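Chain naming follows the written order as A, B, C and D, and within any one chain the residues start at number 1.
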Amino acid sequence: MARAKSACEFVAERDESRCVKCQACVRVCANDVHSYDGDTGALFSDYSKCAGCHFCEDICPTGALTIRRNLSDTRENANWTKDYIYKIIRQSENGGVLLTGMGNDRPYRNYFEHIVLNASQVTNPSIDPLREPMELKTFIGRKPDRIEFSGAGKSGGHVLKQKIPPQIELESPIMFSAMSFGSISLNACKSLAKAACDFGVCWNTGEGGLHSELYPYSDRVIVQIASGRFGVNPDYLQRAAALEIKVGQGAKPGIGGHLPGEKVSEEISITRMIPAGTDALSPAPHHDIYSIEDLRQLIFALKEATGYVKPVGVKIAAVHNVAPIASGIVRAGADFITVDGIRGGTGAAPAAIRDNVGIPIELAVAAVDQRLREEGIRNQASLIAAGGFRTSADIVKAIALGADAVYIGTSALISLGCHVCQKCYTGKCNWGIATQDPYLTRRLNPEIGARRAYNLLRAWSLEIKEMLGGMGINAVESLRGNREQLRGVGLSELELKILGIKHAGESW
Amino acid sequence: MEYGQLKERERSGRVPSGCGVSGIMNRTGKVFSGDGILASICSMTERGNGLGSGYAGYGIYPEYADNWCFHIMYDERKARELVEEYIESRFEVVNEEPIPTRKVDALKYVPLLFRYFLNVKNGFAPESAAEEDYVIKTAMDINRNFKGACVFSSGKNMGIFKGVGNPGEIGEFYRIEDYKGYIWTAHNRFPTNTVGWWGGAHPFGILDWSVVHNGEISSYGINRRYLENAGYYCTFFTDTEVITYLFDLLGRKHKLDFELIGKILAAPFWSEIEREKDERNREFLKTLRIIYSSALINGPFAIIVANSTAMVGLNDRIKLRPLVAAEKGEFIYLASEESAIRLICENPDNVWMPDAGQPVIAKLKG
Amino acid sequence: MERKAKKIVIKENYCIGCRLCEVYCITQHSKSKDIIKTYKGKGPVPVSGICFEEKGSVSFAIQCRHCDDAPCVENCLTGAMYRDKETGRVLHNREKCVGCWMCVMLCPFGVIKIDRAEKKVVSKCDLCIDGAFPACVEHCPNEAICLVDEDGKKIEKT
Amino acid sequence: MKKTKYLIIGNSVSGVNCVEGIRQVDKKGKISIVSDEGVYNYSRPLISYYLGGRIEKSGMPFRDEGFYGENGAELFLNARAEKIDALKKNVTANGGAIEFEKLLIATGGRPFVPRIEGIDSAKEGVFTFTKLSDAEAIIKYIENESIKNAVVLGGGLIGLKCAEGLIERSIKTVIVELADRLLPNTLDKTASGIIEEALEKKECGLIKEETVSAIESRGGRVEGVRLKPGGKTLKTNLFVIAIGVSPDIDIAKAAGIKHGRGITVDSRMRTNFEYIYAAGDVAEGRDSLLGSNAVIAIWPVAAMQGRVAGINMAGGSAVYDGMFPMNAVDIAGVPVVSFGITNPPDTGEYEVLEKKGDGFYKKIVLKNNIISGCIFLGKIERSGIFSGIIRDRMDVTSFKKELLSEDFGLLVLPKEYRKHMVVGEGIEV
């Protein structure tokens, strides 16, 4: 039979009238799409290799290249779309699990797009953040029910009876998600780490360990303890600002991780504490956590190991039972819970899992926050939402639904150049992000990366301030869980109920 | 729309309002007539639209000083019967009478108004918080579960008088000038809807807390959820209600003084906290803000809060609503407008504009 | 005292090997200063002042270092290679040059090129003499080529 | 008697660099320069370009006109230094004596003229070729006599450059070279072969392994030169003797200054008199490849030595840590760069790497994995990198196989070295 070509998803169209044959495109494409023929002086492009990452388009000095979708299509069919057909063709050839990268790309309802924000009119002045203070400072950690002190009454004479449990202090409620050195390049890690430190937020090691070149940024790192325990040692724990036990990830709930041996370079091997060239396999569950009481033991083991001076949190994927699970985690002693929604990203996951398992973060946050409040334990742990924050408004909505802070992953990578081509798992990221190939990683100059990631934090923080100001609020804590500021548009009663918001058109 | 529907609407949702407030206190506890507060609040005509006014007086029931006094409004006789049955099941009723009123033609839909002087039945230990919780629970139960009934005052030796009408009409209706108290606060309401419900007027009170409030709270959603987490049920859906409960939670339950409550409700900015030189104090302020972040009241407000021991004026952290304070001898005055003070106190010793977030605290001496 | 020149610092760890520095150097030193006209027009394509090196995954583009102690200037027979007193740059006067290759021999960086058409020295990075910000610095997509002042402080294009 | 603080004999590159060296340290002290030439400074290597008509005289100075004035140096032209009184610290020039505190002898080299039969009677048409006046004389002679052909004795640097100048003047030229190749001190036969081809294309004749044994003249004018005794005669009216230069040490010798082939100097360019210095083609300074003193008659050495001498004369401290022979030249359109020892003795200690291609040749001579010399021919662009590698005596083991590669560059050098080369302002590795 005729062998089907792999789906030619993109076309790199070359405008010959603009092309000066500088061959920059040839040199930079890691997928070898472009080639130069010395004999004829012609440039050729093999579109079937194109990942649609736009690197060549961006590097071309004359704008001669345009990446666009390949229009070749299968017969229109609402069920048997081209995407599904080619997935089957690929699997017929390789007989394996189809891998993919980044977050879920299926058109599940995005509730952020069905929620609108409030603004002050007449009865309440909006606040201009350019003229008035506007506070985004956020603390992650367990808060006591009430303050305990002695010497009350005399102004300035208050003495705390005990320090509050450990907190991490953020200048803005935005942090960088767990992305390991391994899943992304060291330069990408450095970019995010530096940006986080410069801005006063936190970044997260993922389960990749902490490379020595990242030590300068370790006072703002949340280190992960994941099922593979990669890179976990006393020094790792001591350096961190906070600890996060990773139980699950939104992109692949219930699935472990797999960093293929060819990516386990010398540097990664040292950082992860595994032999170079061996596969780094994270088991699906923690084999010492088969129940909530096991989790409690690990939480307290980590607290013991770090002298109770760092918050210890737990990250879970947003699944059906997320609210009661979160409640259990808080009662197990976690100082914060991270909930990663179905749109959360990954360096590699089976497409079938990524696209079908989990629930949207909006619903998960609403459910968890409400549940914890009903149980009167909402103050005992911070709630960090993760998974698919595309704009500052998404963040504002998540906070109003009840999140203390959010983790951003995909959008942070986009600030570093990522065009969400979803080919992270190939290791050939042209932007130098999801790759360990030294030829590619050098493309991400961490100075630029840090600047751009910082800019994103800055820009979003400014926008959050604008939105807060519009609502007449000048501190983010007055937005947190303040669902009165939200209204649903086009949502069913049940959806509104779960989100705990009114429909647009309803006043207070 | 029927009154009942209007009332339901107001009971089930927040009605933002802009208002005038006024308060007078004699710090030695010497009682004085309600004339002054009446004149003061009536002078601020621009700050109301006739859709709600009210007064709170402290020290007005000296003969029942040790009894809980409930002021309850009923839509109908039936409601009264059910509520009274419930009250009798929980309290020993020392006295029960209609609240004395005058007929004022302008007032429509006047509800049935009664007051009850009560003792708890099962003999709680004096000073016990549990007794107060019991009282709150009773009031909240009535407000949540008894249709057509509303407890609008539930303290000791104090009372709240309020209704739909301008301050002059309401003052005349309740015969405010007949009472003598050492603290008076008053409110003139400018709600942004068509008609008010008597229960929705200010002051709002629980136990002997009363709050008059000018403003709109943008943090309402989280303040309310925070209070719910702490066991308070908001039944009136007003900003004033959450402010009152916050005072009760922080002042009565967490035993924080007004100074600290001010630092929670109108928290200093982080930049101010960082400027605090004393490290211990800085740490304290930081911790206070971290723990009580959900109690921060965000949005414009000027409030006058009173209980039997103090009257406190407080502005939001960037002073978006007016509040003026004055002092003459043992008298302290607070009002939205200076003229409302000067009208009743021609030559104050001192007049000032309290800074944003800085409470004016007048405490009862002795 | 002669002024020290601004310098170009090369960060080989961040060179991505696209060679756009050369493209822009050539364009900047062309008549039209338009990239498409430069390459597709009729006139000769100028020689870039950049030496691009590549080996495996490592690459960088190096151009005249404008040494403080420049052997090419000190030993030039004709004075064609000279230091600009105002800017401290090492510049080259084509009119004076006879093509003796003294500078080529003495440049330890090997960055002085020969214009084969004219049998004269060309290289020669002039830090974009006509007042423009160095084109290679401006257009390096990864900031692997940076301009620094006398104190080594990075200069951004204004 | 005239007095000066600093006296410099010789106004070429050493002398001029000496002025600059002095002025780095001493901004005021009086400097005097005596020169036996009649012109303001010029680059001697440019005389072949002048001869060829490629440059004007105005293009020959290597320092601009204001140089002496700006540096407070008094220049005495046409003043030949006749005698040095080392003990009394004065120099006699043009009959007058100049008293100095510090002296630099930078008299340079003198063309070596062998005893050739008939040379004394040939008054016209026989030239040497080291100074501007030589070039001027040849041009004048060519123009006056309508000369059409020439013989150049010597296929070394001077001879080749002279021949090239003549060719550019459309003079049919024959080069006579004793060795079996051109530039025998520098090139090997392979390299020479490429140049020979290029010369041939320019119709330049070449007779190797031959010399001129006699000059035939009539009425004092050259008519031809005879090769080896009894050999063939080449008809010509222009004969240039260009077989080399030797250090011009006569007056130094007379003054009792210590010398070998040239004046012996230490690392501060001092002679055996601590106030007398020597630099340039006359001096015998350290050869860093040989590890001993030798005359290296090349421009960069002269410049460096002059500068070092100047600094030390003015009381500063500078050290000349030795250089090595190197040459850059363009012959018949073929650029050539060479460094150090390019024709190693066949002792088995040396390793030679070579690569020849169309119109280019590259040769590297190694000893114990350290480069002793190299030749670049045809493609010389990145040869300068080797000047550094040789100077720093770098061990090339780690990149030996790259040495001959076409795209040899800084990138093949060890990271640390790259960094070291350009501390602070170069390559950040």
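We adopt the following convention: contacts are C-beta pairs under 8 Å (C-beta built on N, C-alpha and C of every residue); 3 or more make two chains touch, one makes a residue touch a chain.
Nothing here was measured: the structure is a model prediction, and the numbers come from that model.
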Exercise. Can you list the groups of chains that still touch once chain B is no longer counted?
Worked result: one piece
Problem set entry | Those chains which touch chain C and also touch chain B | A
Exercise. Would you say A-C or C-D is joined by more C-beta pairs in contact?
Worked result: C-D
Exercise. Any idea how many Å lie between the Cα centroids of chain C and chain D?
Worked result: 29
For this session: Give, as an integer number of Å, the spacing between the C-alpha centres of chain C and chain A.
Result: 43
Exercise. Taking each chain's centre as the mean of its CA atoms, how far is chain A from chain B in angstrom?
Worked result: 46
Seminar exercise, completed: So, in whole Å, the Cα centroid of chain B is separated from that of chain D by 104
For this session: At least two other chains touched by the same residue of chain C: list those residues.
Result: 11, 13, 58
For this session: Find every residue in chain B that makes contact with two or more other chains and list them.
Result: none
For this session: Would you pick out the residues of chain A that each touch at least 2 other chains?
Result: none
For this session: With chains as vertices and touches as edges, which is it: line, ring, star, complete or other?
Result: line
For this session: Kindly provide every pair of chains that touch.
Result: A-B, A-C, C-D
Exercise. So in the complex, which bits of chain C are touching chain A?
Worked result: 11, 13-20, 22-24, 35-36, 38-40, 56-58, 139, 141-144
Problem set entry | Residues of chain D touching chain C in the complex | 17, 43, 45-46, 49, 54-55, 59-64, 299-300, 303, 326-330, 333, 335, 337, 339, 380-385, 387-388, 391, 407, 409-412, 418, 421-422, 424-429
Exercise. Which chain B residues qualify as touching chain A in the complex?
Worked result: 13-18, 192, 215-216, 218-222, 224-226, 228-231, 237, 253-257, 259-260, 267, 269-271, 278, 280-281, 283-284, 287-288, 290-294, 296-300, 317-318, 320
For this session: Using the touch rule from the top, collect the residues of chain A that touch chain C in their complex.
Result: 18, 20-24, 27-28, 58-59, 61-62, 432, 437-439, 442-445, 447-448
Exercise. Which positions of chain C touch chain D when the two form their complex?
Worked result: 7, 9-13, 51, 53-55, 58-60, 62, 65, 71, 74-79, 96, 98-114, 119, 148, 152
